[in-house]
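Written out below as structure tokens is the structure these notes cover.
In this document, chain identifiers A, B, C and D correspond to the written order of the chains, with residue numbering beginning at 1 in each.
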């Protein structure tokens, strides 16, 4: 149990992000990029970007989720260890946005994987993306607590 | 080998004020004229549906006004809206109220917050809270 | 072990925010050398051309702006110009100048972001951070003029959607001075710093004839010494009245391509100054913009930050286009430029690839990732550059 | 490169090879070419202007009423600073065009894209593949043909 508590402490103090572009216009991607640069600098809050899904706690998804990418998105989601939180950034990731009705995408991230936080806007500003991450950390904490409670004490 | 050119700049930056904005403590103000959340003034709206037709994403749906079977009013879905302000531009009676408010972050259990009804100043006309999608 | 592994296949798939590119490069390596390369596309295919046939002219301008988020104003401008060409709509002179203003602001921000990403790809992180910090000023200016940081939606059929005030102009001039001063410093780094030069000089060289026969566009063509710029060759908006130089470098390697971008920022800064000084008065939109356009053919091209952008519309009259063809600069640059990677070292692949200024959402209006089993390794794009060079 | 060299105007060039070009808008020329003659014309064009000609795009249109595909080859001639649109038409039931890859290697991705989305075959292009851009589900379909039924309910 104490290990799980340590996990929760670590995970909520320093969540690592994985950013995944599923077919958006790159607008949200450069805003996520801007959000990690000196002006906003979430690293002072412990938020760090990681290139590997196995190290990540929070998955940031941007873009419309094209059919070709959907299976990869599912696979990446499965590779992230529990507890995990998904943040859908931008209108495209929420509902398909301006590309709604097209033949080649699935209209939103939540059609493929469960989403916990939505950051609307086209494109959302970097500070709102950081706010979304803060909200995600809260959900991460809740999820970690749930795991802690459900695991029997030995 | 010559010295890396950036070294001096990096050293200088050590003694400068931090470039980082004190973000979570202070809100960052967008530049004036930022296209933020927009609402419909329900009293001004004449229910012409022009905004719903012109919307590039189909984020605006026209709902029947309860009580008045002929009049409609627009409901904006911020989950689909791309904040292009085309609706604000085409509205013949300027019924849209624009703001510089940033679209808020929405949790998975509060998805109904995406759908925003018009503002009705005269409360008599205010439609009773009906089914949310 | 080395005898067993003759040629290994490495899918280079990006999964890093600093590398916002969703393309998969399949490279086959022999030891350290790349023997073959294949660009796997389609991960970002959103079916924009199909959707365009189902949306009205005005809706199309908004959708086309979202083909690419980084060069969205250029997409909006070209799309509007294409429809104006089709409907013979006259654009007021003030709107033409304002289009130049916003397009050049966008070029500065786009070139700065690719310079920053290139710095990151070659492992020069402090330059990346510093350039991103200064880029925020340009983003602020863009927000001030257009109303949004990234997706401007500034241009519409017939003109532009917002006017600029006197105060805005003063602020632009003030910030532009700051950017120019900083860029002079960065130019020194890009031109002289040993770290940059060692990684970029002599990698991915394309001669002028290669660049032409492979249909490169934009900075890739100019980096090989071919003087071609749509702004000069086929002027649109107010570019025939605004003076500027076409930057060319003869070397044709990754470094030359980056230097073209550095120098173009200075040209853009001068153009913005000229535009603000000579901004004509008058309306920003014509009195009547028709909602229906006649049957016919519209063609427009423009110089996006990444090269030549082409829109070709075919109309049969009415509210919607019959066919809208979009050709984005990255599409030719990436698919045709892949041959430059052959023969390079694995560690140079990101440096060469980033020098194309790849913008995948532009490319196919589609996207990518990586996978594989067996002999294949998956290496994040940014890690690749950190592999030790022999 | 050779800024000083004088090049013939497009009217002169096409007169020499027995074709007539029309200036539809300032600096924009247009003409119809038979599909069989296309590689030859492009080759002559490339030679006449020292290779300073590039292919901007191939805009293929499905004119279903006339039962033809129209291909617009948008070429840019750098020394003359103008655009040349070569139009060609192929019957809808047997869409085959000779490829330009041997003349201009840069035509490759454009031809592959047209083949993928409209199903026009380019004879002599060894790189044709399907699906190139489309998701696997649509591997045998051609979305940009006007008789395509559409994505159905997604």
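Operating definition for what follows: a contact is a pair of C-beta atoms (placed from the backbone, for glycine too) under 8 Å apart; a residue touches a chain by one contact, two chains touch by 3 or more.
As the structure is a computational prediction, the values presented were derived from the model and not from experiment.
Chemist: For the pairs C-D and A-C, output the one whose chains share more C-beta pairs in contact.
Modeler: A-C
Chemist: Any idea how many Å lie between the Cα centroids of chain B and chain D?
Modeler: Once rounded, the distance between the two centres reads 43 Å.
Chemist: Find the geometric centre of each of chain A and chain B from their Cα atoms only, then give the gap between the two centres in Å, rounded to an integer.
Modeler: It comes to 22 Å between the two C-alpha centres.
Chemist: Would you kindly tell me how far, in whole Å, the mean C-alpha position of chain C lies from that of chain A?
Modeler: 27
Chemist: Which chain D residues sit where two or more other chains touch them?
Modeler: Residue numbers touching two or more other chains: 134-135, 143.
Chemist: What positions in chain C touch 2 or more of the other chains?
Modeler: In chain C, the residues touching two or more other chains are 42, 45, 47, 50, 62-63, 66, 130, 133, 148, 151, 366.
Chemist: Quick check on chain A: which residues sit in contact with 2+ other chains?
Modeler: Residues 38-39, 66, 68, 97-98, 102-104, 122, 125 of chain A touch two or more partner chains.
Chemist: Mind listing each pair of touching chains for me?
Modeler: A-B, A-C, A-D, B-C, C-D
Chemist: Within the complex, which stretch of chain D touches chain A?
Modeler: 134-138, 143, 150-151, 154
Chemist: Report the residues of chain D in contact with chain C in the complex, numbered from low to high.
Modeler: 1, 3, 25, 27-28, 51-57, 59-62, 72, 74, 76, 78, 81-83, 85, 104-110, 113, 117, 131-135, 143-144
Chemist: Any idea which chain C residues touch chain D in the complex?
Modeler: Residue positions touching the partner: 41-42, 45, 47, 49-50, 85, 208-209, 212-217, 225-228, 232-234, 299, 301, 308, 310, 312, 314, 322-323, 325, 327, 331-332, 335-336, 364, 366.
Chemist: Residue numbers of chain C touching chain B in their complex, please.
Modeler: Spelled out, the residues of chain C in touch with chain B are 55-56, 58-59, 62-63, 66, 124, 126-127, 130, 133, 140, 143-144, 147-148, 151, 153, 161-162, 185, 188-189, 192-195.
Chemist: Hey, which residues of chain C end up touching chain A in the complex?
Modeler: That would be residues 15-18, 20, 22, 42-48, 50-51, 54, 62-63, 66-70, 72, 113, 129-130, 132-133, 135-136, 139, 148-151, 359-362, 366-369, 371, 380, 382-383 of chain C.
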